[in-house]
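In what follows, chain A forms one complex with chain B and a second complex with chain C.
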Partner chain A sequence: MIFGLEFPPIENLVEWPNLFGPTDSWYGFNKIALINLVALVGTSVLFLVAGRQKTLEPATNAPKGSRNLVESAVAFIRDGIITETIGPEGLRYLPFLASLFFFILITNIFEVIPFFHMPGNARMAGPAVLALLTWVYFIAVGIKHQGLKYFWNSVAPPGVPKALLPLVVPIELLSTFIVRPFSLAVRLFANMLAGHILLVTFTVLCITLWGASLLLAVLPFSFLMLVGLTGFEIMVAFLQAYIFTILASVYIGSSMHAEH
Partner chain B sequence: MSILAQATTAAEAALTAADQKSISAAGYAGLAYGLATLGPGIGIGYLVGQSVQAMARQPEAAGMVRTTMFLGIAFTEALALIGFVVFILLKFV
Partner chain C sequence: MLASILVLANQAVNEADNLLGQAAGDAKTVKNPILPTVNEMFWAAIFFIALWALMKFVLLPRITKVMDGRTDKVRDDLAAAEAAETERVAKLEQYEAGLAGARAEAVAILEASRAEGDAERRTQIAAAEADVAAARAEAASEIADAKARARSELTGSITDIAVGAAEAVIQKPLDRAAQGRIVEDYVNAAGQN
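Now for the complex of A and B:
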């Protein structure tokens, strides 16, 4: 009860009942799982359909339809992310980074899609798995390129005096192998949860004010705020996918060569 | 006055220790988030300002500056977001 208005409990924010299956069972399937499944199947189908489309635009010889969309998106990841951070030798990691980008983008964009209105990454489990995957991936790339010396190279940057090593090694160990995956996961999770809370706050305010008599005057402002924030959240959904991918790319690039 | 004081102590006695703890945690939750925004706010402002200056001085380097700017924002923002997670943990857990 605030100003005589009644609001639903806070637990309704991110907890969803199972669509089928009892609670706490391993096969329970709720909205988050549905969003993740849609993101997975949707991305795969989009890429398969785009790959099968062979006809070109007759006048300009450019790809058309879904292939045009997918090609420009992949070119964005290639030119905007990989060549800027790793360089041309990073192109072999394009498939991993592209699938990361598309999966995060589609799960995020469900924040503003009607009847879903829930970003799939606003529960910690999704971002945590993605960050763990990136963690395993950049360590594997490091071992592949530098052998077991990778671990020593990444915790002791060259040029550091020997006397400083006891100080530098724990800090670098912490920042490379613990803070990196933690901050990746928390960044994505907290951004999406914050956006979701913002949107829910203004939606609930709009619904609640509809029944209020005197406070009805506040309703237009609340509604305009909601419309503006929806646009803002579309931008955030894209930006978070971009930032996650670019950071994964930077981490992979830094484990390909020893710092010098 | 004494009646009021008695009523307050009775109400406090009715609260369990866990309730009291969650009330004080909720009070500090806002403070935690507010403090966590200060540093990153200054940092991101400075970072973006300098990037805009760099882009204005050297428009041909704008792409590279923009990528680096987003990287810097992502690293700086992490502190504010950890503050936000602490807020959630204090408030709701």
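Now for the complex of A and C:
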């Protein structure tokens, strides 16, 4: 009970019972797993439908409908993220980065989808897995391009005076191999969890005000705030997908060349 | 009384035990909602890796193939447009060169025609002037002849009249030849005045 509001405990907002599988089992399938599955199936269906969609005119080959949407998104990732942060040689990482973008965007957008109202990334598991995979991926890219010297080049960038190495090496070690995955995961998780709690707060407020006759006059303001925040969360869902993807792209790009 | 106190105490102890047991159980089941759970990580990893594999081998190639085809087509069309533009510029230069040649040729023809016309005009003017001079000389000759003829006729008539009048006054014949020379001299002197 907070200021007369019956606010549910935090675990009631983010923890979901298993749809199948025993409680606390490693394969228990709950609402978050369902959202992740929908992200997989939804993205696949969207791309498959777009792939089968005929172009507008055979002569111009111009896209339309779902193909237009998917091509715009792919072009955004290719030209707006990869080319800008890595360059043309980074286009080979398009599948990984496009998967990140669509997976995060769709799992985030479930925050405002009726009957779900839960962003998949408001649980730490999803962001942690994606951050760990990104971490492994950019280290693998570094080893592929620079060999084992990648680790030394990462913590001691070329051109740094030797006298500064005792200071630079621990900082770079911490920032490159520990802070990067941690910040990736926490940024996404914290933003989505905060948005989710915000929407729940205003929803609970609306419900409570509906039952309180004296405070009914405040209800429209609370409801408008809820509607505004819903729109805001749609933007946040996209923004967080973009930020995660562009940071992953920056990390991959920095692993490709020692001077980074 | 004591019995009821003992019963109440027993109940209180039992309730306390129950509460303690419940609290201990809750402590076992309460989890930190911020920490990731294994099952959610498992499914997230499975579904993301599946999406990544699908994206790499099935989903993206269908899209990027068309996009690359379109990019190639745009590049080819641009190259064709640039070639057409180069050809247009070359043809324009060729046309302008031809036009300049034709213009120079026209100017040369015009100048030649003008020179030829001038020469022809001068020739014709000279010929006309010669014709006019000849006509003028012929006219002057004819005038002189007519004047001489008129003077001769006039001299003869005046001589005849004067000699006839003088012979009628003096009642004797005069030397017509001598009188005629006098009259002729007089007419010539009068004609000069």
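The rule is simple: the second predicted complex is superposed on the first by the 238 of 260 C-alpha atoms of A that agree within 3 Å, B and C clash if a C-alpha of one lies under 4 Å from a C-alpha of the other, contacts with A are read in each partner's own complex, and residues count from 1 in each chain.
Note that a residue touches a chain if its C-beta (ideal position, glycine included) is under 8 Å from a C-beta of that chain, and two chains touch if they have at least 3 such contacts.
Here the structure is a predicted model, which is why all the values come from computation and not from measurement.
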| item | value |
| --- | --- |
| When chain B and chain C are modelled together on chain A, clash or fit | fit |
| First, second, both or neither for A:V129, with chain B first and chain C second | second |
| Touched partner set for A:P157, first chain B, second chain C, both or neither | neither |
| Partner chain in contact with A:P170 - chain B first, chain C second, else both or neither | neither |
| Which superposed partner A:F102 touches (first chain B, second chain C, both, neither) | second |
| Partner chain in contact with A:S44 - chain B first, chain C second, else both or neither | second |
| Which superposed partner A:G87 touches (first chain B, second chain C, both, neither) | neither |
| For chain A as apex, the angle formed with chain B and chain C - C-alpha centres, to the nearest 10 degrees | 110 |
| Dominant contact partner of chain A by residue count, chain C or chain B | C |
| Touching partner for A:S25 - first (chain B), second (chain C), both, neither | second |
| Contacts of A:G65 with chain B and chain C, given as first, second, both or neither | neither |
| Contacts of A:A194 with chain B and chain C, given as first, second, both or neither | first |
| Chain B and chain C, minimum CA distance [Å, superposed model] | 5 |
| Common interface residues of chain A - those touching chain B in one complex and chain C in the other | 10 |
| Complex contact set, residues of chain B against chain A | 63-64, 67, 70-71, 73-75, 77-78, 81-82, 84-85, 88, 92 |
| Residues of chain A touching chain B in the complex | 10, 80, 84-85, 183, 186-187, 189-191, 193-194, 239, 242-243, 246-247, 250 |
| Complex contacts: residues of chain C adjacent to chain A | 30-31, 33-45, 47-52, 54-56, 58-60, 62-64, 66-67, 69-70, 73 |
| Touch list for chain A against partner chain C, complex | 10-11, 13-15, 18, 21, 25-30, 32-33, 36-37, 39-40, 43-44, 47-48, 50-51, 55, 61, 63, 67, 70-71, 74-75, 94-96, 98-99, 102-103, 120, 123-126, 128-130, 133 |
